[in-house]
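We just call them A, B, C and D in the order they show up, numbering each chain from 1.
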Amino acid sequence: MTSMGLSRELIALRVARELRDGMVVNLGIGIPTLVSDFIPAGVTVIFQAENGILGYGATTADENEIDWDLINAGGQPVTLLAGASFFHSADSFCMIRGSHIDLTALGALQVSEKGDLANWMVPARRMGSIGGAMDLAVGAKRVIVAMEHITKTGEPRIVKTCSYPLTAVGAVDLIVTNLAAIQVTPAGLVLKELAYGVSPEYVQSLTEPVLIPAPDLREMDL
Amino acid sequence: MTSMGLSRELIALRVARELRDGMVVNLGIGIPTLVSDFIPAGVTVIFQAENGILGYGATTADENEIDWDLINAGGQPVTLLAGASFFHSADSFCMIRGSHIDLTALGALQVSEKGDLANWMVPARRMGSIGGAMDLAVGAKRVIVAMEHITKTGEPRIVKTCSYPLTAVGAVDLIVTNLAAIQVTPAGLVLKELAYGVSPEYVQSLTEPVLIPAPDLREMDL
Amino acid sequence: MNKVYATTAEAIADVDDGAVIMFGGFGSAGSPTNLILALAEKGTKDITAISNNIGLGDKLDTLCQNKQIRKFIGSFPIRATSQRPDLLYQAYLAGEVEIEVVPQGTMAERIRVGGAGIGGFYTPTGIGTSVAEGKEERVIDGVRHLLEFPLKADFAFIKAYKADTMGNLVYRMSTRNFNPIMATAARITIVDVEEIVEPGDLDPEAIATPGIYVDRIVKGPKHDLHGFE
Amino acid sequence: MNKVYATTAEAIADVDDGAVIMFGGFGSAGSPTNLILALAEKGTKDITAISNNIGLGDKLDTLCQNKQIRKFIGSFPIRATSQRPDLLYQAYLAGEVEIEVVPQGTMAERIRVGGAGIGGFYTPTGIGTSVAEGKEERVIDGVRHLLEFPLKADFAFIKAYKADTMGNLVYRMSTRNFNPIMATAARITIVDVEEIVEPGDLDPEAIATPGIYVDRIVKGPKHDLHGFE
């Protein structure tokens, strides 16, 4: 079932459509990392990495270019753009907690109909890693979740109430999955866009809470 | 009466005797500023200025040397020593509040027998300037007050209870005046040293709380 | 997203009556003199000014002279010695302005947390003094602390040595002081700079204010001001 | 006051059983590998280790292998993917170590205030999560905040690019991370550096750790570690 709809790359592409010129953006690990490959033409964004970089460029696999003193928050070697700067971790989270990041894209295990986010621990493992996710979810002006619509065993990830440990309460603004784009609103989850060939009924069948079809519900424009 | 005993320079000299090699030192405005002119031979101290300098050197009046981008916390142009660094005001007070300053010398209007310090406001003026004094008094490992023993009108400055608005409670470790060096201890004020030609009785007559003569009470060694 | 403005007047055009403005600087060092003079010219009234000092080597007392300030928050509101008339003090005695005197370290931290999304902090500074009046106390590890809250502003007027066109800033020596933290704590940050360079021209390790904190940049002359004079 | 030590063994000679140690670094970048390997060699037991991560590009899991760690405080105690065996996780499941998982920004700020003499602070991070358990909550300006307390240590093991003999430090790119704040929050700070220079050789505007925070400096080889591998 998870093979229906968009690939991971297309999910990232759809998230990238939310980028606006001049935005300061922090990308989480997983699908969000791919977002930087799909920046719309004419849009310049500034990427922040919570390990203390502002203005890094593409990841690199070029042996001549790799410098292991310059890695993003996912541990990948990156390049540097003109105008970049470095700072320590406390200053980095001043940026994040202080709402100086315009947009963050994060992976998720579950998202609730209230926009609660669970992304740091599978309960069965009894321990997990929070990293910067809690600060990003609370501090960024806009939080987009990029994830597969259901788990590998077919369970909905969009739920009434998260059963996994929470990362943040009411933090998520937009959910982009392989099947749909869903906006979190005070009235509930609004189904805004559908992946090509996917029906509203199908998305609803794989989503625990009731989805409100948007008046302008349409196919995802990719 | 205030002309008895030590000059301002000799008070500063006596304070300078407290400096030890490697100490990080912040000097307040007034007599304390003069301390930097009397650093004992063989002793290297690092001066911190709360406006964001570590490792500045002597003040300068040399037109060719003056750079008004480099002033100490008293507004005087200073020189820079090798190994100096600059930082912003919040980082500066991390140093101060965080007990990374070994010694501060501050001026005072009044000091109480408990070591309470009053140095920022004359009540009659209804308003005053605190500057960095409250943070220094609370944060420095050792606080030395350098002041005239009595006011211009002959009132004791060392009092049972400060009548002037406080800078900090129980902060002062050592008081150096034109007449004596007095240590603040849990048992009370201990008279440790006398300026040349000054008797214990005379100092007591100009001091409100009872002074405890030190077993090794002696003339100030300058 | 061009941040470079041609004139100080344009850079402060929307600084309206009642604005809360932070001013960088310690004495004359790092004071945004060109922006202060433009604000005096513009005549914005009822300003809440947040600055370490006023009329202490800086030109902020020009705003007093014009009766533009309603409230002053700082660590040196009053000068100990008066080479110039102490205009804020006179206005205070006349009941024309409000003054909040703040320990310098508490002020710096309040500004920093204002930019950092922190709701408040506990400091031992000010315990047992008039600064503690009306504030909550809490004993932590046997030490009495005061609860202090963030300082934020509508505008930060700051001074830097060099800016690149993205707003990255470097300072010179003791001119850094309050400037970098104020840049983080205001809705709009406007910088008075001596020189504007291209992105990549500044050492990324020495950038003390990353460009995302800076909204507007104006190049202006450096004034011959002398410490606390 | 000579701060330069000839060997890592001498620099950590007094790191005794039960020590609370902060380790700088994020992944392999800025990890004090030479000091970590010396600590493994020395065999100090019952360590409380404070580090962003463990075994995530760094060599800290060597201390797990030797069963030297009693408690780990960090934001990435567990790896999501396991190219190496996840030794801390195994020890945790076996009940041999305690883990305190902390949001990265809260951890950074707790360390910073640990060095800054601040008693505690309020952060919105962690509200409504397991991180909030047992912590005080307070609503400030309509937003729920958690009260968090300082982190301090007996020792900070940090990594810098260059040190001068007075202990002033500069870092390279993303190796800065937790190193400068940890340097302020420990009783004794020990630095693993690539190069030692004379005072005056470093740009005073780019010194990210002023020398007064540094107690011991050891020059060591740079290890070929790769991000999170």
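Note that a residue touches a chain if its C-beta (ideal position, glycine included) is under 8 Å from a C-beta of that chain, and two chains touch if they have at least 3 such contacts.
Since this is a predicted model, take the numbers as computed values, not measurements.
Asker: What is the set of chains touching both chain A and chain D?
Answerer: C
Asker: With contacts counted as defined, which of the two, B-C or A-C, has more C-beta pairs across the interface?
Answerer: Here the pair linked by more C-beta pairs in contact is B-C.
Asker: Roughly how far is chain C from chain D, centre to centre by C-alpha average, rounded to an integer in Å?
Answerer: 33
Asker: Hey, how far is the Cα centre of chain B from the one of chain C, in Å?
Answerer: 28
Asker: Just the number, please: Cα centre separation of chain A and chain C in whole Å.
Answerer: So the centre of chain A lies 36 Å away from the centre of chain C.
Asker: Between chain A and chain B, what is the gap in Å from one C-alpha centre to the other?
Answerer: Centre-to-centre distance between chain A and chain B: 56 Å.
Asker: Got the chain D residues that touch at least 2 other chains?
Answerer: 109, 112, 116-118, 123-124, 171-173, 204-205, 208
Asker: Considering chain A alone, which of its residues make contact with at least two other chains?
Answerer: Those would be 80, 86-87, 93, 96-97, 138-139.
Asker: What are the touching chain pairs in this one?
Answerer: Chain pairs that touch: A-C, A-D, B-C, B-D, C-D.
Asker: Could you please specify the touching residues of chain D with respect to chain B in the complex?
Answerer: Spelled out, the residues of chain D in touch with chain B are 1, 112, 115-118, 164, 166, 168, 184, 198-200, 204-205, 207, 210-213.
Asker: Hey, which residues of chain B end up touching chain C in the complex?
Answerer: Of all residues in chain B, those touching chain C are 29, 49-53, 67-77, 80, 86-90, 92-93, 96-97, 116, 125-135, 138-139, 165-169.
Asker: Contact residues on chain A for chain C in the complex?
Answerer: Chain A residues touching chain C: 21-22, 24, 44, 46, 48, 54-55, 80-87, 93-100, 138-139.
Asker: Show which residues of chain C lie in contact with chain B when the two form their complex.
Answerer: Going by the criterion above, the answer is residues 26-30, 52-53, 56-57, 75-80, 89, 92-93, 99, 101-109, 111-112, 123-131, 171-181, 208, 224-229.
Asker: Contact residues on chain C for chain D in the complex?
Answerer: 109, 113, 116-124, 138, 140-141, 143, 145, 149, 170-173, 203-206, 208
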